[in-house]
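Each of the next two complexes has chain A plus one other chain: chain B in the first, chain C in the second.
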Partner chain A sequence: MRRIKKSIMTCCCISILFMGGCWDRIDIEDMGLACGVGVDYQESSAKRLTPEFTIQFVVPKVLAGENGGGGSQAEPFQNLTMDESSLFEAGREASTVTSRSPNYAHLKVLVISKEAAQSINLLQLLNFFFRDHEIRRTVHVLISEEKASEILSIKGTKDPVPALKLLSITENMEKKTAKMPPILSLGDFSEKMSASSSFLVQKVQKFKEGVQIIGAAVIKGNTQKMIGELNEDETFGINCITGEAKAGAVTGVDKETDKIISYEIDRLKSSIKSKVNGEDISYTVNINTEGRLSEDWIPKSDAFNEKFIRNAEKQVEREFMRLMEAGLAKTQKELKVDVAGFGESLRINQPKVWKKVKKNWEERFPEASIDINVKVKIRQFQTQGRKMNK
Partner chain B sequence: MNSSNEKITFIQATVVLTMTIIGVGIVTLPRVSAEEVQTPDIWISMILGGGISIVVAFFITKLCLQFKGMTIYQFSPILVGKWAGFVFNLFIIMYFILVAGYQARSMAEVLRAYLLDKTPIEVVIIVYIAVGVYIVISGIYSIVKLLQIYFPVVLVFILLMLALSITNVDFNNLRPVLGGGFIPVLKGIKPTTLSLAGIESYLILMAYMHQSKKAMKAAAVGIFIALFLYILIVIAVIGALTVDEVRLLTWPTLELVKSIEMKVLLLERFESFFIILWVITTFTSFIMNFHFASLGLSQVFKKAYKPFVYGLIPFVYLCAMYPEDINGVFKLGGYIGNMAIVVAGIIPILLLIIAFIRRKRNAKN
Partner chain C sequence: MNRWAWLQKKKKQTKNGHQQVKTHGTDVFFSSSLDSNLEQLQNILGNNPDIAIRRFYINVYKVNAAVVFIKGLADKEQIHEQILKSIMLELQMRECYVKEDRATGSDIKEIIKDHVITLTDVEENNKIEDCVMEVLNGDTALLIDNVDTSLLLGTKKWPSRQIEEPITEATVRGAREGFVENILVNMSLIRKRIRDPHLVLDKYTIGRRSQTPVMVAYIKDITNDSIIQEVKKRLEKIDIDQIPESGIIEQFIEDDFLSPFPQLLTTERPDKVASGLLEGRVAILVDGTPFVLLLPVTITSMLQGPEDYYERWFVGTLIRFMRFGAAIVSLFGPSLYVALVSYHPGLIPTDLVISIAGSREGVPFPTIVEALLMEITIEILREAGVRLPKPIGQTVGIVGGLVIGEAAVTAGLVSPMMVIVVAVTAISSFSLPQYGAAIAIRILRFGMMLSAAVLGLFGIIMFAMAITIHLVKLKSFGVDYTSPFVPYQFNDWKDAILRLPYSVIKERPEMLKPKDSTRIK
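Take a look at the complex of A and B:
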């Protein structure tokens, strides 16, 4: 009996040696979960441009204790700003000041300041993010008007962690508004860059006490730098051309009464058709949208009357045209970039022509003529059709 | 071992071939072929590659049918003489050892890159080989049964991965079809055909098959399943990441898996599941190749099987550790591809021609 006991004991003791766990275990309490990072441009005397790297950690303890009376004034997040010649090194240097080294596996948002995006080649600047195995391709990228570290320290009242708040706002594009370009993930960023095509990035700026994501930053594919920005109208126009404006409001003005009519997009479809005639490349863009009448200020409006609806559609169409023309004027004529997928349409439908013009596409693109046709269909006018009885 | 009266059935033969083919290719194929083709038409190259594989399978089964119940190790000396046969066999054995080492190393590299950052790669490989030996030592029938168990798991995991990534796929990235003409497609045939290497296993496997006459059919079905899964993977990866992007990534398929994010299903970090799939798929190819190498040695030297399994451990380990870095691993993959052309293509066709001439001569006499 004793012998058996002894042998069991020995077995247990020996097995402890082998059951220490794997080399790579990190206890979850010891992880510094980075949920947002910001990149700024540091003006310094050094020979090289030095980026400034801000890491935002969540502090789960404070988040969990939120409903515990609110006695402590501790923030649920912690920002760390480092400046080093490479972002990776800056991330490592963070380990000299925080007990929990950053882990990027749950990174959600990357904010790049406008200054940095304009002065540093983004392909170089973001290499660390593309390369690191912890960072996912789904991280949302934003460009900020102010310094990224500043944007990341503005905390929301409903969402106490700034990075997570930004994340939720970016997602509104799909359901509520088209005044910002579609979400651009780190993966999309890399895909666009690898094809050296130009694209739009959501832009964040300070708004009163909080932040606002509105308009777009334009990144030029050839130079891999930010070269300009679109305001909300231009962004909306481009979103319509690409067919990404799946939701959002358009407010037209009635010609007769000079009062506003608001239309809400339910569905929007766009098709870009290319036509090649010798050296000339021309496009026809057809937009078909269905939606609802959400608001009008015309005193004698009568949605039960088909004529009124048709007229409203006309006015909204006019507004659509204005937005898209504004978007095209800015991107095609002024900034001379193709962010609405015109080159993509050529690549798919006319691969032979595309092969020829691919190299200097953005020099050719401003000369292309673009026709736009819009068809608005008001499907419903909701609960009240008339303001006053006649 | 030959004393066992067990035989491999038709379904088992199919499963074994599929599982031998599907291996490292699931993560490397998209980049390697995108590098060559540079247009989204890789799937067309895949289909052509599948056609070539089936032709090769035809030759191999034709050859083996002439020597029923014998592996290539046994019949090549009969066919081309003792010494030439010995050289052929040694070359084939070397090929199998290299493939086994390559599978082990690739598996460990991916594991290191995505999961076990600090664990020494040597440890991962040693553990992997140890588990492999455990199954290889018990012979072909146990291996086949293990593959039969794994097969549905692999199938479900691959299909699940593809289903989850479907929202990321933009079919515009796969267009235009044949936009660059047919030449890029032809360029892609070599890497895609090589990704389907594994048919050489029939050189040995057919000796143990119950109905070796149906071998051609089993081979065709096996190749077809593997081809189908590979084409789906390529379409998903190219559709989600674009050709230009795929060429930049070390492990494109893993990047696709990493971009899966399903808020509805509360599913993130699907790559942890993918790693399971990855280890299983490489493991099945690994044990098959390991087994073929040790069986080859035992039949060439006409000695017992088990000592050769143990004896091969250091060689497989050395092959696995030979590449210095990740580029070395890819290079080794390239060499193995070229060797596969010899083992699966040139040697069987050569032997078949010799067998044909001999039979003619015998008929005359």
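Take a look at the complex of A and C:
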């Protein structure tokens, strides 16, 4: 008896394996690899707002090259624009057009048009992206000046797939420039939205033939809509205050000669200190930065001379001040949002005060006075110290 | 109850069912008549051309005598020089030994045994049966008229191959000697390496008809008695007509015949056997094969090669690491590819996904069919290459690898990525030093691929768990197969995945429970 029972058990166990029947199996070449999506806002006659959904598929055959053969002019990507009452439905609707239904596991970039971001609550708009299990939390979010579908169809020569090209440009933030805010992933996006705090999103726009990511879009935490944008200088200033400007060039002007001095950030540290005096909240921002002297047009400049270096540091400091003040003027005074983490500093240093002001923080924030101190240290001047034009 | 014990129990039951009839009746002894003795021998040995019976006359004592031997197994030169010449010529010259004409048969026998024959092995024997056995082993029987015993003279000279480099286990560094088919030579190869009186070689004769000599070798004061007893017990139970190779013995005495993993280690290298014996293992030598069995084994010994010890310790350790990696690749390689490509494309980096998808474009089969196709092709190629003579075998390898692979890709049957996966897997499996272990992994790889095709990564995990459960349960002669990891013996970790310097490994492996554990003082 025991043996029969045992063998029945074994058979059951084995059959479980096969009754599963490859239920999730879909071969890699049979699915549409969506690498970028764009969300636009479509004027519609109906009462509801209709988003327009653009999915960018990679065409691996063309991209992988040699297997493709003759058709060398074929595009390595395919854009599909659907307008339905929901993004999810639009995604499913894509299956009526393409043989390969979209798979979002490799989604890299999400582009939202400025128009959509300004008029639709983003938490609602992006609900599909937060919810779908295939979509990673690491998808980079961008806001576009023009229509998202338009941005997604501008191809580069080196990176033939627009979405992948956007992806690699956004990654430059950490290495080469501070003229865009730090990369904002879908995860960060959802986190900030849930906390109702305001934040910056990288902004993409057309630039000659191609695209450029520069400046920032400001999303207000309360309304969860885009309320304005920062230009490159203002963005740079905010990046310095938050300490995110890990690289990038700052060009100061020498007062005496009216010639430029270019400084490259190598290391930048910022600390925001809050001080509460009765009802008044004030801040001191200390920026310490070290870097390189990368270019100067001053005749007879002499980097071996301590005095010259000190002077250069001073000029650069002035430029830093200007950028940060511009950034603060725009965000604090004009847009009245806290995107640089002043509230966070208050929460950490004065939790009791923060509890009181938390509710209407963005109304209180514009009144806060902010002092900025910058300390620039030129560590090195690279391979030329002194100009030899005597 | 392990499977071996179960099998033995079943066997016992069937034995009790059928009453076994033993053919051996009462022992037959030699008579004092030479003619009748010879007739008896002739009856037993038959009229075969390789049996030589040489009659002669001992002039001094005026008696007839004869030598019986097998041509080819006995050394003709020795028979001629040490036996016939001594008795027929020299005995006559040495007149001092001629006592009187009336010497009795036993006197003659004693004189011949003690004063005439100049061989080392001389034995008296009065049972015909035993005499026949020894003659069939290559000894020479000397029968004298009026003497009712035979003298068995050691003239064994079995045909034997020269000692050559072991083909299946070549090393860059290390002895170039390999075992041969002759058990006498093999014994000497071991003895040569362990000149220790405590080295014991217990002789068994297995095979009702083949009467194959089998030696169980161990070191008396190192090896744990329970292992020796277990080996002996299992060997004694073998009742088969012939033992052509040590593999037969392996299959009879292994613990679990359903396991894909080898529970004994086979080797052609005397140095490996010698160091195994000194670790506290038991070796089984079988006549007629260069493959010696070494036991008990654990999973770690499947991935160790002699060079790990001969090279400096970090070289040994790194090579061992690499081998472990290769084992994992050859077990999981194709199944991981199948699972990732058909179930979890999200786990592959985007650029790789694009190039895999691009290369799979136009391939008509699902990944699992593609993988099985290539894997089976490579198994066939390997099998074909092994059987063919060396130069042709290489050609087959090239034709198979390059031509078929390339052609299959061009024809669009398989994707280039699959060819890479299969090639890497095949090469990884070649890097395992133990052929038996490599086969086990090859078998399991197919199971792994199927479960990957059915359930993706989940299936792989399930299958790996099943293997692990089996391994943990498996024992080799009372030693846990997964030692030193699962019965946690941290001391043995020094020589498991790592191979630490000798100054650190001062003790013999704990898992073998040696009587004397000090290796280095």
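To be clear about the criterion, the second predicted complex is superposed on the first by the 361 of 390 C-alpha atoms of A that agree within 3 Å, B and C clash if a C-alpha of one lies under 4 Å from a C-alpha of the other, contacts with A are read in each partner's own complex, and residues count from 1 in each chain.
Here is the rule we use: a contact is a pair of C-beta atoms (placed from the backbone, for glycine too) under 8 Å apart; a residue touches a chain by one contact, two chains touch by 3 or more.
Note that the coordinates shown come from a computational prediction; the quantities given were computed from them, not determined experimentally.
Contact with neither chain B nor chain C is seen for A:Gly385 once the two complexes are overlaid on the shared chain. Within the superposed three-chain model, A:Met31 lies in touch with chain C and out of touch with chain B [touch as defined at top]. Of the two partner chains placed by superposition, A:Pro160 touches none, neither chain B nor chain C. In the superposed pair of complexes, A:Ser194 makes contact with chain B only, with no contact to chain C.
Legend: residue contacts after superposition of the two complexes on their common chain; A:Lys108 is shown touching chain C, with no touch to chain B. Applying the stated contact rule after C-alpha superposition, one finds that A:Val58 touches chain C and leaves chain B untouched. Counting residues of chain A touched by each partner, chain B versus chain C, the larger count belongs to C. In the superposition on chain A, the residues of chain A contacted by chain B and by chain C overlap at 22, 24, 105, 136.
Within the complex formed with chain A, the chain C residues making contact are 341-343, 345-346, 350, 353-363, 366-367, 451, 453-456, 459, 462.
The residues of chain A lying in touch with chain B in their complex are 22-24, 105, 133, 136-138, 185, 187, 190-191, 194-195, 344, 347-349, 351-352, 354-355.
Every residue of chain B that touches chain A in the complex is listed here, in rising order: 113-120, 123, 172, 175-176, 179-180, 241-242, 244-245, 247-248, 255, 258-259, 261, 269. Within the complex formed with chain C, the residues of chain A that make contact are 17-18, 20-22, 24-29, 31, 33, 35, 58, 60-65, 67-68, 103, 105-106, 108, 134, 136, 164.
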